[in-house]
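Structure incoming, see below.
Chain nomenclature is as follows: A, B, C and D, assigned in order of appearance, with residue numbering initiated at 1 for each chain independently.
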Amino acid sequence: MTTLDTGFDSPQHQAALTELYDDFAAVGMTPLWRTREGLMPFSPEPRAVPHLWRWAELHPLAARSADLVPVGRGGERRAIGLGNPGLPGDPYATPTLWAAIQYLAPRENAPEHRHTQSAFRFVLEGDGVWTVVDGDPVAMRRGDLLLTPGWRFHGHQNVSDTPMAWLDGLDIPFVATTDQGFFEFGPEVVRDSSTPERSRNERLWGSAGVTPESAAAAQPASPLMAYRWANTDAALTAQLELEQEGHPGVLGPGHAAVRFSNPTTGGDALTTMRMGMHRLRAGARTRPVRTTASSVWQVFDGTGTVTLSGTDFTLAHGDVFVVPSWTETTLHTDTGLDLFTFSDAPIIERLSLLRTETGAAR
Amino acid sequence: MTTLDTGFDSPQHQAALTELYDDFAAVGMTPLWRTREGLMPFSPEPRAVPHLWRWAELHPLAARSADLVPVGRGGERRAIGLGNPGLPGDPYATPTLWAAIQYLAPRENAPEHRHTQSAFRFVLEGDGVWTVVDGDPVAMRRGDLLLTPGWRFHGHQNVSDTPMAWLDGLDIPFVATTDQGFFEFGPEVVRDSSTPERSRNERLWGSAGVTPESAAAAQPASPLMAYRWANTDAALTAQLELEQEGHPGVLGPGHAAVRFSNPTTGGDALTTMRMGMHRLRAGARTRPVRTTASSVWQVFDGTGTVTLSGTDFTLAHGDVFVVPSWTETTLHTDTGLDLFTFSDAPIIERLSLLRTETGAAR
Amino acid sequence: MTTLDTGFDSPQHQAALTELYDDFAAVGMTPLWRTREGLMPFSPEPRAVPHLWRWAELHPLAARSADLVPVGRGGERRAIGLGNPGLPGDPYATPTLWAAIQYLAPRENAPEHRHTQSAFRFVLEGDGVWTVVDGDPVAMRRGDLLLTPGWRFHGHQNVSDTPMAWLDGLDIPFVATTDQGFFEFGPEVVRDSSTPERSRNERLWGSAGVTPESAAAAQPASPLMAYRWANTDAALTAQLELEQEGHPGVLGPGHAAVRFSNPTTGGDALTTMRMGMHRLRAGARTRPVRTTASSVWQVFDGTGTVTLSGTDFTLAHGDVFVVPSWTETTLHTDTGLDLFTFSDAPIIERLSLLRTETGAAR
Amino acid sequence: MTTLDTGFDSPQHQAALTELYDDFAAVGMTPLWRTREGLMPFSPEPRAVPHLWRWAELHPLAARSADLVPVGRGGERRAIGLGNPGLPGDPYATPTLWAAIQYLAPRENAPEHRHTQSAFRFVLEGDGVWTVVDGDPVAMRRGDLLLTPGWRFHGHQNVSDTPMAWLDGLDIPFVATTDQGFFEFGPEVVRDSSTPERSRNERLWGSAGVTPESAAAAQPASPLMAYRWANTDAALTAQLELEQEGHPGVLGPGHAAVRFSNPTTGGDALTTMRMGMHRLRAGARTRPVRTTASSVWQVFDGTGTVTLSGTDFTLAHGDVFVVPSWTETTLHTDTGLDLFTFSDAPIIERLSLLRTETGAAR
């Protein structure tokens, strides 16, 4: 290329460069050659870091807030987001995922609203709360996964005399970053305060492969809003039993896993988040895996260890940990371990960007 | 256009035409102008006719054959096809569908084979038979729908002391017409003679929306091979209850209906056939409907009347009737009516040919 | 199984069997064990046979009909179907495909109609005819493929002083067998008798990858109705050139092939038929291949030999041959060979029934 | 809910709250009730702002850099990103899109590399550069759109004696935010320095609807890498002519628009970005529209005005402007106007989040 006569390292050249960069800055221009490595790394260099929150810490804090802060219109929810230490300023677990502890005191009601953000609840313990989704009351009980696909009105009510805490997962960061958020208030009290054992969506969609003829077309998100623990547990149990009987089913040795899917498509239950449940048999150790989806996990039952990029985190009931993109992950348990997980895989996969590598067993 | 000088109706012209048509025939040519109306009617003019077979007639005939004809290699199955009177020579219910009564005597075994034809069994009554699909024994009981997607080895065994009869549905005519049939013998005795309460495929796929992570990709046909009556019944009951509670779900007033679907896609459970179950509340009458899919129906429970192109057929337990393409159909019941049905809709729909018209309520 | 005391080969048994079979016949029942081999062969046993028609025979016959039979309402088209000798009684090339020579005399007009059957025209030679599809006049010239997807009004007019003959392909047999045919008359004279160089659909859709923003959604059949020879020829030429330059592109050594596709989906241009063009370099011989799709081929240019299930057929300009399902096919040419082809592959493939085997090079 | 006896506004309550919030902060917890409005606005509140850069300013700055900064390994490209004033610190046009001016001096070579980020080039003016994509040299000329789908090696070389500047579009921000970036160096000099008139991909894929049989399956990104101006121009001209002839085709009155698509799917040419070209007839004014996709536009030809959320920006040759999510946009021209545009619509649309509203004509 043509260059200044004076050479690239002359004072004149440096001065001209400085002036050029100032002129760039004045109109908001940034040279790629000065930023390429940061913008386009050789492999993902997430700002989010592997992190674990102890349920033993989270739960008392959430409980304290119930004594100090009411649930009501405006604030909408007594939900406390878990902010990744690598993403200061934003209360985000990963760049795409929001994870929060929601806490509803006895007899409390969280007002109805709707938003384009997709949401789910995973219930670590307790019962007595109904979430009302587009007028359909859905019981929330231990081990259940409850969906609120985007733009459905929903509120919660606790009809019991005990508080209840659960894990909320939303795509708030993704929707915020891409400016896709719409929000609308609904009634201040849930529109149907009945507490049926089984919601209407479960009555219509709750049996595998039995689809209402009146609604057989594909829908972007699942019309089934509740995935009950008894079913999830049975499926995990079956995989491990089948492994022992010599048949396929498990994801890896001693490692059962299910994905929660949309019965109208067979794909992910929500458009932007993939939810799943994993069970490790006592003594199992997974092969190291890394994937470009980011994820959040919660210990549902048992104890164990997760190793994230070489760092061990011990796991106990309710603990929540986050796995950033491309973080090597190994799970191990001596006692048996049940883990709930959600990730942004549907986003990444649909855009043909998902990469996953599995290492050798150790 | 240029014509013979002698005009179109002259003897010379007729002689020339006759000669032309003879010359056409000699090389296998057929003028469209002499056949257009038959080849391309204004609307479907099926050769198949509406027809009903009485279970009271079919079942004794099937039973008699058990005393006279063994089940074994070569004949393969004691299945007796129901031939539409409009399709003489071919034992086909409709141009695409084969329906048969299959009968297995006590302690009998039907040898394993596989074929590209898709198949299902619908069990009108009884139990004690297991169908073994690719080595996975699947119990067959009253009201159940059991699948054998194309090219899976399968055999049946009756482990009980009573005979059992069921409805077999296959796409034999479609596969025959399009020359897609492959067939292969398997073991003469089912390879797994165990009789588990629940098959392996049910243990892996039997819960709505709970998908094995190890097998989450879309599959052309359903990996779930058994759709149990208890689930089907509950779904139909729920639709009618929801109707009474003022909520959507039913297909029409007093008319519940489900479709059996593939949990990996949400689409039809088999690639070439759509199976469903309908329930009419006592007193219900459906609006007249006609569709270009052809179908076969079996009365599972209750009594009623089906009107096909203006002709009434009374319906009793086990009766089988056939609805050709574009045949106006109305169902009515005073007592309540449960109907199993299967059709070629997946073929027609995927090719963008399906038309359906619903008439006014009467 | 239980049997008659008298044994299976006793006269009593035979008499009972005869009586049973008579009783079966009386209600239209056919035992599978007496028909299984015919209904469910080990591999496809098409009734259709490999066959070739000589253009040198077909064309004069078509021309003679122009002197004797007018084109007009009722007969609709001067099209003469080529009936496979294996399918007597039906003027079908294969069980799913209809192939015909259509002939339009100078200044003739074929009236408008529409039907659910999909159709195309492939022009062996000549020009001067416009086909008017939903009011859009489309020029027909040598080497062009022109589409008439199902249920579009269409008529033809010859504005020249010379007759024109072309190959018509339709899914008439498939639509007839499955009872999906609807037909409707349109104007007796084409509604737009203009003769533009380029049709409106070509102006909107004729450039690869340039999609009208107003019509960007997927459509079952192609909105582009004309695939011009210049483009097809260039694509085939390019594949053979790329082969010589050492780059991928050809289907096999010395064997270029294109498929005509729907620009809104990338899939087949018509819902039920796949059309393509093949070019063999002088001296090329294809590996033997057999597939369960059935197809019809027409020699566009050059000479050669096709071997169908071991029988050689010499190929000359305009010759039409038919390849039934699962018929081993080899092409060879000393001089170079261009072949147009159409098949029912979209039907078979969508139903997951398509099998294709390629043998070793010889 | 239960509250502190002292009431919600007591000093004790405030102190307890402060302590709670401190304790939250210590473990990275953020209450939704204090952040909901920011995280979940009633409608998109993009930080990115409407903004326009003048080509008259951008081009000289890019040219100056050619005298001061070489192109080579490490910096990789002389590309200068346009940073939205609302997104300080990040050189991003919108939260998902990167837009840059790339400048290649006479006889310069930009080394090969590949990355998971998808990229395209749009050529405002000039020629003489070839971009080599996976070894296939693709000429870049005025008005052309050239693709580099993710993970394809690519380099550029200018074989002429004049510099060339063009617009680069990439999904760098989206890939960075979601941590999906992989990057790899290739040869320092493009591996094929030939300068063919037509690239190999154009020879294989450059004709509408003519698909190589050897590569007929769907591919996530377009195998056609070059969309030539002559074709784009002809398509836009045709739409406006068809409008005057009374036929459909235009997007709105006097407003032609095309989308660049992937011939193997009919969908967007790239997985994460939608590219298009718009033409307004002299005197045309579009209806106001707002959509949740964000986009960048460049004036290719003509002059006019864009009104973004009520602010007018005059438009001249080469000017680049950015339209954040949900920004009301109106275009007007007295002289005629050609605009290139790209957006993140494929991302938003696949996740069922895309909303678009069109206002009344003014």
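Following the convention adopted for this analysis, a residue touches a chain if its C-beta (ideal position, glycine included) is under 8 Å from a C-beta of that chain, and two chains touch if they have at least 3 such contacts.
Just so we're clear, the structure is a prediction, and the values are computed from it rather than from any experiment.
Participant: If you apply the touch rule, which chains end up adjacent to both subunit A and subunit D?
Facilitator: Both subunit A and subunit D are touched by no common chain, going by the contact rule given at the top.
Participant: Count the smallest number of chain-to-chain hops linking subunit A with subunit C, moving only between touching chains.
Facilitator: 2
Participant: So what's the Cα centroid distance for subunit A and subunit B, whole Å?
Facilitator: That gives a centre separation of 43 Å.
Participant: Could you please state the distance in Å, as a whole number, between where the Cα atoms of subunit B are centred and where those of subunit C are centred?
Facilitator: Those two chain centres are 29 Å apart.
Participant: Calculate how many whole Å lie between the centre of subunit B and the centre of subunit D, each centre taken as the average of the chain's C-alpha atoms.
Facilitator: It comes to 51 Å between the two C-alpha centres.
Participant: Show the residues in subunit C shared as contacts by 2 or more other chains, in ascending order.
Facilitator: none
Participant: On the basis of the stated criterion, which chains touch which? Give every pair.
Facilitator: All touching pairs, sorted by chain label, are A-B, A-D, B-C, C-D.
Participant: Could you list, by residue number, the parts of subunit D that touch subunit A in their complex?
Facilitator: Those residues of subunit D that touch subunit A are 1-4, 8, 13, 16-17, 20, 23-24, 27-36, 39-46, 48, 51, 53, 57-58, 61, 64-71, 74-85, 91, 95-96, 98, 100-101, 105-108, 115-117, 150, 172, 174-184, 220-221, 271-272, 292, 294, 324-326, 344, 346-348, 350-353, 355.
Participant: For a test of understanding, state which residues of subunit A touch subunit B in their complex under the given definition.
Facilitator: Listed in rising order, the residues of subunit A that touch subunit B are 200, 203-216, 218, 222, 224, 227, 231-232, 234-235, 238-239, 241-242, 247-251, 257-266, 269, 276, 278.
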